[in-house]
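Lettered A, B, C and D in written order, each chain numbered from 1.
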């Protein structure tokens, strides 16, 4: 298959993002998956089973908005978690799903969600202009039945218009943005804030 | 605009400092800002919204001592926190403001300031010649009203002649020195000592 | 001695693996050893006493299935721990033994083994397809008498068909897989999960 | 001054060691100092005030066994701590003094010394052949009067023939070996073991 310039550009952005994310230790083993929506509505997404810090162009595939393969490659089971976010939010153009230690630990310590407030770094999230903000990152139970998990996420997002990310318990984080770069900014900020909350949780409980 | 050799040299020092500071994880997302005062009293300073670990020459702008743009670029809201330090301390030529995890956690755990004493590394701070020294790094409440925050800092500095740095709660650290290199040395020493205090705080409270 | 292409290829994989493992801090000083089984049943293995992050081709030697040197180089005392795993598991082609901080701490805190369950990252282990799995990584007492230690491992493996790795107390981890790459994936996943368990152990006991 | 080949070789080893040690975060700001004894008994040693991760050949000076400068450069105040070790131990050819976080924290938590036992990594220390060993790393109070501090160290070493390293409280570690490479191995092993002890101290006291 001959890929478009848009696809090749998005694929390179995902490869670079993977190298950065891996340098932080957020995609151990072959975990995680990343995607970017192209101007024509199709989606470039990582195939499963590859180490996300050492992605090659061939490790990125093309799907349509319904998660069907357009190039014969086999998409990951979690692909539908990406496509349902793209359907809900017309302005987003990237979804990143790493498995960071902090997100995993957060999900084991906090029950249904973690509250982030009174941090200057909240301003790294699109649309937030003051540290006097409060956001919730919800935590969902892990489920190998991805359509069922996607439905749970949908129900939450129906009730909460403002949401920057969610955590799947014992698994990892999903976050999104209007470009790969903005999504990386969201990811970097969220992981920093998760780190703060974990460290402060230890102190509070002393 | 055609920039002077002094500006271009200072800009390169800030770019290099940003790469170093980012390698330590102290400027997550697009947080932080850095400046250097030139021999003629004008100031090279990072524009806002860029990742400080990947600065390009175009991401550094020129302002005067009153924080007015001299090259048409738009300065960050926090610029006045830099200019007020330059006005107060005629000998300093650089101000660095990272958002490190340690500074953020310190501000959540200690109330109005953190005391650093009996560390050999205090000698990395300009003018300190023995570990038998005691310095206080004050902590100020965060405020999106930067002139009001700057005024709070001014009042503190009026009363405390010796001060190497201050923390804005839930936000980050400001530190300064007579060159970019000296300020980096102050930053590296302070973050190390914050790390010590955080780790020992956990132990003391066991 | 003139080495085969298979040996040279395996040696390069072990050198690269060592550089990666050292970048994580898992082979401090000259600790650890790594091996790969070649198609003809002989085994490429690191000689002892070298820093595993800076291996040279000359630091890899060739042994037979009984741990006898085939090239005149002197094998490490721990070589028999590699050969006994290769004898037991006909499908594995690599054994990696790092000394990570997490494995060392796990062995000091947990008694006879550590249980890993309900983590998505368990799926990085060969044959596991759901987070609803439970594995045990056994911990054996350290022993300078390696044949005796090997015997202890053998007895455990006789009773437990499914085993991905074991820890030697105060020493390090042994893990294996059907290729160097798969074994690295196991190692990366296990160390991440050990990190989780250590951090959560602290929280649980607060 | 024209330096000998031996000096230039030792200087390069110290530069490389500094880059490695800095990559671990063990020489924050401009802390630490390193030396190597040459075959003729003179000593190559870092000058003070430089960042040890970015040493240049000009940052290494030559002294005699009495700590007198042989090339007109000014030695650090701590030079005598190096020369007294070289006098006592005829077989050692390198002394490394980093300021690691772990050594600093150890000195704040443990009183007069830290005991390391039952670790396989003890075998990284010259002469130790089993994990069933027990070593003590003594801790001395910091003192800006270096001759007085050196005297304290001498008295301790008079009473304890076997000693691999000592900690100066709130300051850092001194360790030594028969080459720069062996001393780095000692340093890497000791910092790993300090890390273990600090982490386990937290657990024990829960």
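The definition used in the following text is that a residue touches a chain if its C-beta (ideal position, glycine included) is under 8 Å from a C-beta of that chain, and two chains touch if they have at least 3 such contacts.
Remember, predicted model here, so these are calculated numbers, not experimental data.
Considering every other chain in turn, none proves to be in contact with both chain C and chain D. Path length between chain A and chain D in the chain contact graph, taken as the least number of steps between touching chains: 2. Judged by shared residue numbers over all numbers used at their interface, chain B and chain D contact each other through mostly different positions, with under half in common.
Ranking all chains by how far their C-alpha centres lie from the centre of chain C, first place goes to B.
Averaging Cα coordinates per chain places chain A and chain B 32 Å apart. Once the centre of each chain is set as its mean CA position, chain B and chain C turn out to be 45 Å apart. Multi-chain contact residues of chain A, defined as those touching 2 or more other chains: 202, 206. Pairwise chain contacts in this structure: A-B, A-C, B-D, C-D.
Those residues of chain D whose C-beta lies close enough to touch chain C in the complex are 118-121, 124, 129-132, 185-186, 188-189, 191-192, 195-196, 199-200, 202-203, 206. Chain contact summary for the complex, chain C toward chain D: residues 28-31, 51, 99, 101, 104-105, 108-109, 142, 144, 168, 170-172, 198, 201-202, 205-206.
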